[in-house]
Amino acid sequence: MRPSGRAVDQLRPLKITRHFTKHAEGSVLIECGDTKVICTATVVSGVPRFLRGKGQGWITAEYGMLPRSTEKRVDREATRGKQNGRTVEIQRLIGRSLRAAVDLKKLGENTITIDCDVIQADGGTRTASITGGFVALADAMNKLVESKRVKTNPIVSQIAAISVGVYKGVPVLDLDYPEDSNAETDMNIIMNDKGGFIEIQGTAEGEAFSDEHMVGMLAVARKGIAEIIAAQTAALAEK
Amino acid sequence: MRPSGRAVDQLRPLKITRHFTKHAEGSVLIECGDTKVICTATVVSGVPRFLRGKGQGWITAEYGMLPRSTEKRVDREATRGKQNGRTVEIQRLIGRSLRAAVDLKKLGENTITIDCDVIQADGGTRTASITGGFVALADAMNKLVESKRVKTNPIVSQIAAISVGVYKGVPVLDLDYPEDSNAETDMNIIMNDKGGFIEIQGTAEGEAFSDEHMVGMLAVARKGIAEIIAAQTAALAEK
Amino acid sequence: MRPSGRAVDQLRPLKITRHFTKHAEGSVLIECGDTKVICTATVVSGVPRFLRGKGQGWITAEYGMLPRSTEKRVDREATRGKQNGRTVEIQRLIGRSLRAAVDLKKLGENTITIDCDVIQADGGTRTASITGGFVALADAMNKLVESKRVKTNPIVSQIAAISVGVYKGVPVLDLDYPEDSNAETDMNIIMNDKGGFIEIQGTAEGEAFSDEHMVGMLAVARKGIAEIIAAQTAALAEK
Amino acid sequence: MRPSGRAVDQLRPLKITRHFTKHAEGSVLIECGDTKVICTATVVSGVPRFLRGKGQGWITAEYGMLPRSTEKRVDREATRGKQNGRTVEIQRLIGRSLRAAVDLKKLGENTITIDCDVIQADGGTRTASITGGFVALADAMNKLVESKRVKTNPIVSQIAAISVGVYKGVPVLDLDYPEDSNAETDMNIIMNDKGGFIEIQGTAEGEAFSDEHMVGMLAVARKGIAEIIAAQTAALAEK
Amino acid sequence: MRPSGRAVDQLRPLKITRHFTKHAEGSVLIECGDTKVICTATVVSGVPRFLRGKGQGWITAEYGMLPRSTEKRVDREATRGKQNGRTVEIQRLIGRSLRAAVDLKKLGENTITIDCDVIQADGGTRTASITGGFVALADAMNKLVESKRVKTNPIVSQIAAISVGVYKGVPVLDLDYPEDSNAETDMNIIMNDKGGFIEIQGTAEGEAFSDEHMVGMLAVARKGIAEIIAAQTAALAEK
Amino acid sequence: MRPSGRAVDQLRPLKITRHFTKHAEGSVLIECGDTKVICTATVVSGVPRFLRGKGQGWITAEYGMLPRSTEKRVDREATRGKQNGRTVEIQRLIGRSLRAAVDLKKLGENTITIDCDVIQADGGTRTASITGGFVALADAMNKLVESKRVKTNPIVSQIAAISVGVYKGVPVLDLDYPEDSNAETDMNIIMNDKGGFIEIQGTAEGEAFSDEHMVGMLAVARKGIAEIIAAQTAALAEK
């Protein structure tokens, strides 16, 4: 039934490559099928003005797409002079989600910026960014601990994200672009490793969706998140 | 338990004033407790470039806050030269939600812009904007029908929105600002008059939230939406 | 002779509502016929960089129109990314005029921002903004005195503004939109309660205007200003 | 009494050099004492969107200061990315004043842009821009007539401008910078060659000004304008 | 003598990977040592306004760095709202150089945009962008020929680029970052496959450079360009 | 052979007028044939953030064209809200070149801004800006020495610039606009008074250029630079 031939609750092949580039404190290439995102974590001392003197840190995120990461070239936002609404919405979601992984007090007055740059898009770039961004964040935190800039690791829970949707009337897991552009409902779910919800955003694209659809989407999401968390854990266990 | 003394499933007083200003095709003042938003609907012929020649119309929304609608003055976005991320996120949500109320084909090549301007903020401005914006939209549609610019009314369902949350561990309806700034979870729910979901956006502010919390929030939301839909219907029935 | 049937030296009905919104130190709704403007005053400690350490305060103003305050929707300036020339010109005039009401030394190193937001426009929005802005400013000053943040009230004179013009060859007072868009001359006059001029700006729209026209416009203006000052005084006298 | 030793109704030396640069349809260097402004007129076919198809032309103006035209360097507006409020106010005034010199119908669907660039500032740059801009405009109009792009010369009256003020209690003509920065009142007056007013803008800098001051300022202005008009006429009479 | 131990006329390892991403008409990853740039070519019908109706095509380029491609994170230009001077300078150079490879008449009214995005920087990103951009361009041209959108291949010469410099008094080839930041002279040379110069840009960083240095730099450049052209040819020969 | 009838190695008439405007620390009008540029030098205490505390100064440059300095009016960059790529490229070149004239340590923590504003353009505006900018810089440095703000003059070498090119197959010196727009190669050369190269930028406009062309262009450049340096020296020798 699915264009890709996958089962309704089947993830695309997921590959997480750490140390993808050499300069960043955390640098991850995440590949979810044909969706490929570079996620880097940068640590700097100090916090934004609104947090100064409060004895806590900050996590923020920025998101971008290479102009030709998509089927049709999108304008370079640096050239247009502003980020579009979709970009702003996505990077706010990534930042908010990853802050839920961290005890900002333990981070001290440091700021970590997660940059998520899509080099190839095939649906699910925002959830891939969160999943990959968490791994980059974890690497950066480990460096902070090793270098004794923080005393205890500020990570308090593991965060992963996935998209689900209603496609031809059926709840399905991990929409690729052909599904995403035809789904009746599109929902992004961010959860932690204890099964709690961090964020849930669902949108009816045509018809409104029902309680029943919602239950179905949450069920496949829960399965997918568990597999993704396992993949993150495995990646982080590699030397 | 609630700062306002309301029951957990009790809305704030809701007042919808139509024909609030004289120029717009639809003009509504919506008051949800101390939250006050002016929602106007403007009809123009033609559609944005990406829709030209497709024989359909478009609904879009813009959102703003008067600088001193809030406890502490916020910068005027026109002076800063850009809308901030929160504004962009909100106006995209309003537009998306209201498009779900309309058969864009029936609208023909017309564009309706819903402007939502907050003159006093006390929590729930985005859901008030959607609820009030729907009434302004309905008035504009009626004018299009009366003036025979469209043949049949393009409204296909009635849309309303409300915020819910988990406050001191309990699911509550219609958060005001003191609750909103202390809630553990904050969720905005947009539904139609048939009980279907249009959009759902939930965010854990501190702790992750559970399935149980979710069920509780959806239950109070459903009650609140029914009352709001009744209030919209009553307002629209007035001459 | 006038579209509204008013006498040549007759003001539109003028209504000043204090405490219109709840957060601001001063909040006024001014209604001059169908022109309606919300004027708020915000007090913050400190002054702009160019005044630091000079032992004086500052008064500034910002002006905006809700997009559908007008017959034809105007673009939201926050979306366009800049204020247009007319807006800039108007807010500079408001700020300059209200500074003439105040002894900035007595204000100490505090800044007061007057926000004037037009919710319905029918001619004369800039003069209504000055007249209403003065009342909001006075309320804010009273709060500063009551809270002992300043020793003596910095208000040194009362300021009001009105438009006059030459319409069908005759000097008239308080132009509404139908007159404004057809007047041969349009003049904004700002005066204080001692009959002194604070600012005068007159523009010939078609023909040049003569000394005689000027004398006539100043005469009706003087009558109008006296009535407006009385209305401000009455409003400020209410508890 | 005046810092420059001039009589109260004495202009600074005024010099108008036509054909100052070679590319423009009109190019004038105007020198009013130490104030020096290059005014060029550019003719292009077509009109702005809001005038298309109305069978008339348009006159617009832009104003700028070289960064070091002033005692203290001002930021280059091109670098800052926007024109400041003063610039916007000035260029709107120049455009509005020069349009009063022209029958836009006779101009046909052509647009003339007057660029006024201050290379040295010593007070009165906006009035110098109008006076010099008129001469550049007249040259451009003559070219349009000679080349038969218009049938009859669209100039209908000659326009000149001057600043006056109240300095040490006395109305004076043509303020230079030392006077301008200490004047109690500053007024810009734009008149035509028939003695009619085109625009009048007066601002009390400290004290409010009286009717008597106003009469005094208008008297010296009238004398100054007559001399300036004679100087324009002489300049335009040269081959 | 060189930090990397290379001979003075030795290139870093050069690797060109075609078909690096799936959507673009040409997509190349070029690796020059640790410098890694993704170069894509996008073909669209039509030309910019200034070329319309002239029967020719256009080649343009855009350049960007991922924020953490560098040792210290650089601000995301999309967030700052503008491209910085260095970026503008580089993308103009890339576009100008690649246009020299093409007969724009043969391209017809098509525009090709070369996007060069640096994912890891270690010196020489602009010359790598030109070298890799040429390969992406060639792939796009081949597709245009295969799909018969152009009759004959518009490529008229092969273009490659390299940096040279004077390091510790000696002309050296292909500067990496440690050399680049300490070189006395830095020169970028773009040549074609017939040994002609397309562009040469040399800058003395500290001391001025002599004719002798120039001869030396051109000599090593010529050797390097020959090797790079061979590498491009080999890459393009692969199926 | 040349449109102007000049010999291949003949400069246009060169005139350098110091003290052109009265406010700046250095103010030069440079005229190279019909190209006319005002170059001013402004000294301020302090340095940009990236240099603070390093005990050195900074030289920077900004470039602009009056809108009608050219045959066809160019948009005012202040109105468009950004400098275009060509402007950015040019002002970076001017700043870089003039920094090579100065020992920034001797300058102390002062910043000098060179503003180059083209009032009439006929080719070679960037090289005229560098040549004239050096004279303005020298005047400003002399004032710093006279006023004892610096101990020893920070100028370490004299800098001049000229364009050369290949026109109808022949290397020529100092291209004017008719040559510039038809040259096969265009090269800007900046040298010091000891015959060393500061910067060299050559671009093939159509055909690639050969070693032989390069030798020819450098030869005429060397002759031109010697004459320009003599002209600068003569200008600076005048009281």
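To keep things simple, chains are lettered A, B, C, D, E and F as they appear, and every chain counts its residues starting from 1.
Quick note on the criterion: a contact is a pair of C-beta atoms (placed from the backbone, for glycine too) under 8 Å apart; a residue touches a chain by one contact, two chains touch by 3 or more.
Just so it is clear, the structure is predicted and the values come from calculations on it, not from any experiment.
The minimum number of touch steps separating chain D from chain F is 1.
Traced through touching neighbours, the fewest hops from chain D to chain E number 2. Farthest chain from chain D, judged by C-alpha centroids: A.
In terms of their C-alpha centroids, the spacing between chain A and chain B amounts to 28 Å. In whole angstrom, the spacing between the mean C-alpha positions of chain A and chain C is 50. For the pair chain C and chain E, the distance between mean C-alpha positions equals 59 Å. Within chain F, residues 81-82 each touch two or more of the remaining chains. One closed ring of touching chains is present, and its order from chain C going to chain D first is C, D, F, E, A, B. For chain A in complex with chain B, the touching residues are 82, 85-86, 88-89, 91-92, 96, 100, 157, 191-192, 194, 196-204, 207-211, 214, 218.
The touching residues of chain E, when paired with chain A in their complex, are 21-24, 27, 34, 36, 38, 40, 42, 44, 62, 64, 66-71, 73, 76-79, 81-83, 87, 113, 115, 117, 119-121.
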